[in-house]
């Protein structure tokens, strides 16, 4: 009942101060748009790089002397190593075929072989995790320590660089997302502060006719929450429309089968709205604390 | 109306000083105001009339000295109690202090809303008080669209709507013609008859003379005389 | 003289309205920070992908019958094709060595060859440009049309995907940068509007005592420009400090020899400051237009 | 001072109406004010006094009718000319309209700055006018720290500092004690003697009676009488 009274007052207040409220909501919308767009960008780039990263493989060549039973045992051992996602046996015959395929034009070189000099091998794929080169090296070392393994080969120089740079990319991405979020919080708090600043004489009058602090604050809080909700829903909607527009026009040509461009997941969208409401409240809280000090 | 000197005091000031930086707005004021008194504070421009009223409702804090209000020492009051102190007062400000973005009705209703009155009661009371000051037709106007005198009448209406114990009025008829002023004064007299203490700051000696109540005369922040004419 | 008068008034105004000015400058700083951080992120990711993209090569194999003189002629023809950055001759001997290197473990396969069956070839690197797969295909077709060229080989499937996705990445990057910029402009304009809104009675009073519109506007414009300058310089400085801090702690481990992380180039920083000044002016312009209408 | 009926009129109003929505603030006003006249506009609260003044300096536009001011038809004036029209006036508002973030000096200096006066001259003039109204000591104060009467005196100082052709004063002494009010009135008389046209809106019949000048009496927006007492 009391809450509904304050809620009514908040709505009345919004109607009484349309310009100020429109500006606040618009600023929240823009901030959410920035945060949302970056998150979208980052999530998709992340997906993309993750898809490539999946292609990183460790090849473990078996000693030529390894018996049939030893092969199965080795496979079990490999699967137990943490960080290993899948293990695939590649027989020497399959290896030669692969090589021929890889060499394409030069495959003529391999035509007049009578014996296959290649060893049997395991192809090990890794769990998708934020990977640093050292982690891959550690796994490789573990693989090499298995007695039946003759030699381990993993990636060329560029894969090393790729994983490290990918890690750096993710790190800066998170850092920047955090920074953007902080900036957005501050921008919104600033805007609300300006609005409350321009209404300070009203607050003063309320205090002077005997309003308690909570009586004054409550509608501002509710207003902040309403503004936050409106602003963030608007922001996400606009982002979605822009996303749809761009990707219905352009992305069609770029769809690939190992990577799909996606919008913010529903959970994140929901969190954004809740976050926006929190932000609206928090901005009001900060500003009111300042004005109600005396 | 003749002052009864030994009636219980509702306001007691002991050696009160108020400085604004190096400016002495009030110097060594000691005075009593009894319950249900009707008293004027007069003096030339800048004498400290408004400042004196501000000290009473804690719009400013005293720099030196003590004020007892209804038995409470104002310097000892905590921040959280201030709103409740202020509800004892009906305040009329020299510059009205109406909220420009709220209608006349909402401006007046605010006083009752802060005390948690029921919406039906608020409707009734606000309308009745607006009728008294002759502004019932402007219920839904916003203060900036009212004339000076109309705003002043709204300010008066706001001050009396909560049935305060004490009315502090700062030049309550400065922008009113004689007829409207009489209406306002009759209103004050009515409240006075019902037991309200009334303190009016004004520079208008004519007004004081006509009413025949006690007046406190200030000059450059000093108490010059406290006389019953 | 007149300008110095208005400048003095603007400075006086800033001092008279410290809170409002601080909030405006702070908002500009935050907006610049967002734009700057994204630009930084994008420039560096762009560099990085560009560095990888440089590795895209077209191999053009010569017909075995081509004479010495024909080789030089072909090289000239190849260099004339637009989009070709460099052409390198790879003799069949070099090709065999490369292959041996590539095969590493399996190089034993090639040990008992008596004749070298590989052809001579040209390795063609391309100009770094926003590339779409089709462009590369076009160049390859042109190369193939040279009579002395036997066969052309360019990239595996992932390179095709890479170039297309890279193009998409750049496109969305630019789109987002544009969106962020617009959002920042609007946020700043909003903030200035709020400030001017809370000073509208002052503007009204000035008009009523006979001030011309330009008399009222000039100090606001100058204030906007000063705020823009301060805000953007502050924003870039903070960004630089964050950049330094993060990369002195983390990036050391990630430095690679084909890619250096860099701060915003000086020209962009300069443009940002000028842009910030323009923004401050523009925000004032928009808001004043609204308030001085009547 | 006795009105000279056939002196050149500086202000002529022909059947002027002013509506605020459905509210008729002024109804069919026709009147002349001569050059160098000293005239009062009186009437009860809400009669339309302030509205009448607003129409003259184009603070509001007329809804119907014509106003000629110094030969110009106010309905034909372009937006760009308005500031120059306003510089003919010295305006004193009922609510003072001082800029709260600027010092007393800057508030007054503004009037001279807009006309591009030299800074030395501004210094001299502002200080001299502040001395006249007795506020020279508060040069660097901000309006919110002044008492009501002090603010009113600053408003008067601002109105006269530019040597205007016409002074429009809306209740210029409403918040002033008798002594300060006399100073202000003497100032107006001095300007009047130098040829300035002076129009004062007030509800104070006493004031009009004492001065003995022509007064225009409004009631509910209608011109009741225009009499020389």
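Going by the order they are written in, the chains are A, B, C and D; count residues from 1 in each one.
As a working rule, contacts are C-beta pairs under 8 Å (C-beta built on N, C-alpha and C of every residue); 3 or more make two chains touch, one makes a residue touch a chain.
Note that the structure is predicted; figures quoted are calculated from it, not measured.
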Most remote chain, CA-based centroid, reference being chain C: B
Centroid distance [mean C-alpha coordinates] between chain C and chain B, Å: 67
Euclidean distance of C-alpha centroids - chain A vs chain C, Å: 22
Computed distance of Cα centres, chain D from chain B, in Å: 30
Chain C and chain D, separation of their C-alpha mean positions in angstrom: 62
Per-residue overlap in chain D, given as positions that touch at least 2 other chains: none
Junction residues of chain C - those touching two or more other chains: none
Touch-based graph of the chains, sorted into line, ring, star, complete or other: ring
Pairs of chains found to touch, sorted by chain label: A-B, A-C, B-D, C-D
Chain B residues within the chain D interface of the complex: 20, 43-46, 49-51, 94-95, 145-150, 152-153, 170-171, 174-180, 203, 205-206
Interfacial residue positions of chain C with respect to chain D in the complex: 9, 12, 16-17, 199, 201-202, 204-213, 215
Complex contacts: residues of chain D adjacent to chain C: 57, 59, 80, 82-84, 86-87, 89, 91, 97-102, 106, 110-111, 113-115, 158, 162
Touch list for chain C against partner chain A, complex: 19-20, 23, 26-27, 30-31, 33-34, 37-38, 41, 45, 48, 52, 55, 61, 99, 103-106, 108-110, 113, 117-119, 151, 153, 158, 161, 164-165, 167-169, 171-173, 175-176, 179-180, 183, 186-187, 190-191, 193-195, 197-198, 242, 246, 250-251, 253-254, 256, 258-259, 261
